[in-house]
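Some structures are shown below for you to check.
Below, subunit A partners subunit B and then partners subunit C, in two separate complexes.
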Partner chain A sequence: MRLFLAITLLVLLVLLTCAPLFAAEAEPLFERLEAAATNVRTVTSAFTQEKRLAIFDEVLTSSGRFAFAKPDQLRWELLEPVKTGFVLSGDRGRRWHGRAGTSESFDIRSDPMMRIVAEQLLAWARADFGWLRERYQLEVLGENPATLKLIPRTEVGFLDHLKIIFAADDTHVQQVEMHEQDGDATIIRFSDAIINQPVPDETFRN
Partner chain B sequence: MTKMILVGLCLVLILCGCRSAGPFPAPTLSATHPLAMSELLGGSWALDNSTIRMRHTVLLELGWRKLPMVGLLELDRTARTIRLVAVNDLGIKLFDLTVTVDGYQTNYLFPELATYAGLGETVAASVRKIFLDPLPRDDDRLTVTADQYQTRRSLGDAELTFTFGGERPDLLGKELRGGAQGWVVRYYDYRDLPAGRLPGGVVLKDHTAGYRLTLWLEKANLIDG
Partner chain C sequence: MLMDGLFASLYRRLARRRTLLLIITLFLWLVSLAAFTRLELEENIAAMLPESGTASSDLRLLERAPFARKIIIDLTADASVSTDALIQAADRLAAELPRETFSRVVSGPDGEAGGNLVSAMLGVLPNLFSAADAERLSRELTPSAVRERVNDSYAALLAPEGWALKQLLRSDPLNLRQLALEKLRYLRLVPNAQLSDNHFVSSDRRHLLLLAETPLAVTDSAGAVALEDDFSTAARLVLPDGIKATFLSGHRYTLANATAVKADLWVVLGCSLSAIAAIFAIFLRRRQALWVFLTPVLVLTTAACAVALVYQPVSAITLGFGAVLLGISVDFAIHVYYALRHAVGDPAVALGKVARPLLFGGLTTIGGFAVLLLSDLPGQRQLAVFSVAGIVTALLLSLLVLPHLLPSGAVQIISAVPRRADRKRGGWLLVTVWFVLLLLCGWQARDIRFNGDLRALSLTPPELRQLETQLAQTWGGLHGQALVFSFGGGAEAALAANDRLFERLQTALPAERLVSLAPLLPALTSQAENRQRWNDFWTGEHGQQIVATLQEEATRLGFSAQAFVPFTERLTTAVAPVTLDFYRAAGFADAFAALLFTEDGVTRSLTLLPDSPPVLAALTTIESDPATRLVSPTCFRSEISAAIEDDFLRFITLAAVLIVTLLLLLFRDLRKVVLALVPVASGLLGMFGVMATLGVEFNLFNIIATILVIGLGVDYGIFMVCREDEKSDLGTGQAVFVSGLTTLAGFGALILGQHPALYSIGVSVLIGISVAIPAALLVVPVLSRRWLK
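Now for the complex of A and B:
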């Protein structure tokens, strides 16, 4: 009986110490991240993207550049293996595809795919926890660096969860992992981030 | 005089347009020589029996909509099946299809793509035509011109043509004309890779369904065989 109690206590202790912080307990961390983001006007960085396809046991790797300027300007540009990307300013943007030699404008109000992409990127670039909390159950996996797990509140169809790792100074996201229900995953690692340096307007036009 | 120059320019444009499609240079043709059908078909990637995995950059043009993507395709030429997964530039999986000679199965379709009616069927039909079926056969009728080999067979009131050319010679095209359907596939930029001799560029135009699919080969691996 004494052994049973000891094991039960041990299990409880392990569970309590390992349990992630849920939204209410994690408020101070979210406030810390939001405060850091408040001071960020521009971000530019390089990134690498890995798409892991479970069915083929294959990793598709690409790399490129990212730029953000408050409140709603984005540039997402792949340079390898194929030059492709988009710029966004407000609701309107332009995307291009180097291989195809195409360039076309879009409006996220009438382009659901681009709306999803833009909303996600802007939410992370702005650390918009209000927007994120409406859509995801947030768990804190670590505080230094801030590491969050996001589970969709409603069925998204393919997404199991997201894992987000912030930079040590909280100013920007350093890694995004998108884990899908079928075992596929996308991992985006940002590097060489430059914060609050002037970004020419042309960066957001193409 | 100006009229003549304009007509001349138009003729040049039309002639150039006939030899290449979109982003790929026209294939280099060479003088033909007598070949048995078995020799013509023997070296073709389309009739090999190994399994290869290919990564393509893909542009699907459906009317005025352009859908670029990355396609990962496993072609099992013994079982005559294709498994195809496509992702967009941000790594979002768009669809996952299994394609056979006479059907297809949707393993996954990104919900927002449901707005493109018949997308799965269109893609399945396209990759089937390009990689799987129809294929040239020994009993097709062979015609040899100065720089091309053509094999033909009738399919009801339509005619199916396969065109070969170049030094090897390589499969340069498939075309179905007549009847209710009309489509053409052109293969460009052949490369000798560890996975075999494969086309670096493919363009499919389906005149009946009104779409065009362009593939740029980025990578190919032999899986077995």
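Now for the complex of A and C:
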């Protein structure tokens, strides 16, 4: 028993001393990702989304388009099986619901839900590790491609952790996995990314 | 003759004890001065509101309007400033404002109104489920609508916000939360405000609203200076270029009025003193004549103490008005001065002769003021005591003390009005012109309007008026709304009355115009009824059909059988009543505190409505409930106007009856009575006619001025009739003329003031006395020659 306790203590001590080392070792990767993101002004891509939710008998697959322009312009648009999405420019944006044919403007300052969504998407698009580190504990799962696990530092209700996989050239996010506490998961895969090509202003208006 | 002998005898007796008399007078005045400095003064305008109606309590209730006691701070940004920068500037300003003057500053709802509010409101919905809600769901939740709503839920789950909405959508696939959230619109105390980062911003995002509280009393003008200084200093320190801040509170009006009165006093006093000095230099000339002008000072302290013996506390407004009325007292002294100066031989005889008209004048004036004792306005009753005591003191001083301080003996006195001018033929032409002018004034006087707006009694500078307009345009009706109070012995009774009110209002007014707690916090009995209605709805045929349609549509879209179990469970699970604490925790503590409060053991729930004629008309059609009370600035103004008008007409009528009765008793000759009334009738008709022609509305201050005109006008008439009657002239014409001039110099100069109170009194006195003097000096002699022959 004494031997077991001693080994346990030893293991704990090793883990505790290694933890900062992990973080310190991760810094070059974050710097690499941030450096790559610094040069990215615009991103456009297609995406597919898989929702594995307990409330559905099957996996829900949808697809759409994504666009980003520095510093704070976004377009997130689902095309199949429903047409819905939003654009954001600064604090203000507009979302639409193609099936109902309706749209409404919003301001992320007065719409907490859209603020959470916009902040997440912008943080990933900009590789804003400052913002991400404030809210998540970052864990490096792999360096090539860069793969990170983000665990919320505070309870945010539904989210257990995020897994983000960057493209081989580090310029953009290639896959986001959102794992919820109840076991549900959403996986978004970005494809056909075009970097730093001019994006018409109309893309961010609707 | 008895009176003449009495006062002549008194004069002779007191002349032998002159020093003792003066010492006693000085002692009494010092005692009254000491008491005067210790008077407890009350500045509440309620003293000038009628007691028998609901005006006083209405004023107190109007002060319970949500923003009546708040400091409203508006930050305005240039187009170049972002909303972020505006919000940051507002936060810095709120932090910088000293807590001694700005004890609490609020920039938005007291908590995150977002977050879990939606699901929380959904949780309490059964308690709020009104008959109108049930009817609406029955109408709206058709099978096709249910399909649409399930489709919406499906689409929302695919959208990014679906990440956070999943649990909510499972609990509420039919968007019943909309029903609950719509009820929050009844809580919009700032109609045009939007929330941005939990701050109140305007729809154009150029304005930001801060609401502050202060421990400083609204009437504290020194505090108002500190408040303005602290605000300017903080704004200068923290606000960047492109952002301006200003604030509105009762203190700014107090300060503006205090500043205006001070500025006016320099102008008015300067003009008055110059004019009085000129009158003194031209007509009086003797150093001893200065005692004449000290009479009102001596009378003021004595009269104030007399009021304090009867009423506690003394109204500061009464004292201010009373001081104006004491302008009458100087006239008595002027008549004594002229009588003694005209005395040939024994001054005691001259004093005896002037005593009669003086006492006549004093008695009629006292009679006029005594009528005010019957007034419905407590302040005017105080005024009656003040004036009666003041005039009695003035009579005693003028007849017993002053003669021993003034010079006597016949000297040539500059005649202001040719003694025999009235004997010329032109006299009748003058009377004819006078009569025609009076007829014209009488005709015009029919249009005189009474203004009960208390704001008309104080000064609102253009910058504050502009700020009021800007705030109203930017934020909606922060002020000036109609208030309906539902009250009871406890919160439950008040809320029950509020529920009844809301039910009736719903049929008469559009929902968006109401601010009420009824949809959010019904009485417990109403909540129980609502819960029962909720159960009945969902267990009823229509409710069951809706649930069945939901299940079918969910299956069609691939939802699992368990997907909406939280929803179906919610429909039948018992919920606890919603309480005030629920809303406090949700971030609405301030709003609920403004709309539900307990004072003096009575709990009141407040409903706000636009104070517009159509809304007020709609309210009159609603069946009245003894547990509700409507108060609105418009109704309040009308009520005060009517009260002032009634009080004024009653005063005029009673004063007329009393004065005529006294004059009949004194003169015992109807012709003399009519002659004595010529100046006062002329003054009043002239005043009403000219004011009506100029469109000057009649307010509380004009009434006080009217009393002054009546008092002085009657005195002029009595003196002139006595002169004609006694066939001896003790300089009466000059005395009337000089006293009229001093009145015009003293009170007519108030017309130069910017403050409405000073201006109102000034304009009335100026017109009234300007007409009464020529009537007394020119018309009375012509008529009396004819009638008293």
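A few remarks follow.
Simple rule for what comes next: the second predicted complex is superposed on the first by the 181 of 206 C-alpha atoms of A that agree within 3 Å, B and C clash if a C-alpha of one lies under 4 Å from a C-alpha of the other, contacts with A are read in each partner's own complex, and residues count from 1 in each chain.
Quick note on the criterion: contacts are C-beta pairs under 8 Å (C-beta built on N, C-alpha and C of every residue); 3 or more make two chains touch, one makes a residue touch a chain.
These figures come from a predicted structure and were not determined experimentally.
When the two complexes are overlaid on their common chain A, residue A:110 makes contact with subunit C while staying clear of subunit B. Within the superposed three-chain model, A:91 lies in touch with subunit C and out of touch with subunit B [touch as defined at top]. In the superposition on chain A, A:186 makes contact with both subunit B and subunit C.
Touch criterion met: A:100 reaches subunit B and subunit C at once. Of the two partner chains placed by the overlay, neither subunit B nor subunit C lies in contact with A:162.
Legend: residue contacts after superposition of the two complexes on their common chain; A:53 is shown touching both subunit B and subunit C. When the two complexes are overlaid on their common chain A, residue A:125 makes contact with neither subunit B nor subunit C. When both complexes are overlaid on chain A, the residue A:69 reaches neither subunit B nor subunit C.
Looking at subunit A, you'll find residues 49, 51, 53, 55-56, 58, 60, 62, 76, 78, 81-82, 84-85, 97, 99-100, 112-113, 116-117, 157-158, 178, 180, 184, 186 touch subunit B in one structure and subunit C in the other.
The residues of subunit A lying in touch with subunit B in their complex are 49-51, 53, 55-56, 58, 60, 62, 76, 78, 81-82, 84-85, 97, 99-102, 104, 112-113, 116-117, 157-158, 178, 180, 182, 184, 186, 188. Subunit A contributes residues 49, 51, 53-58, 60, 62, 76, 78, 81-82, 84-86, 91, 95, 97, 99-100, 107, 109-114, 116-117, 120-121, 157-159, 178, 180, 184, 186 to its touches with subunit C in the complex.
Subunit C makes touch with subunit A in their complex at residues 83-84, 112, 114-115, 148, 151-152, 154-155, 157-167, 170, 194-197, 558-560, 562-563.
By the touch criterion stated above, subunit B contacts subunit A in their complex at residues 23, 53, 55, 57, 59, 66, 68, 70, 72, 74, 83, 85, 87-93, 96, 108, 110-113, 115, 214, 216, 218.
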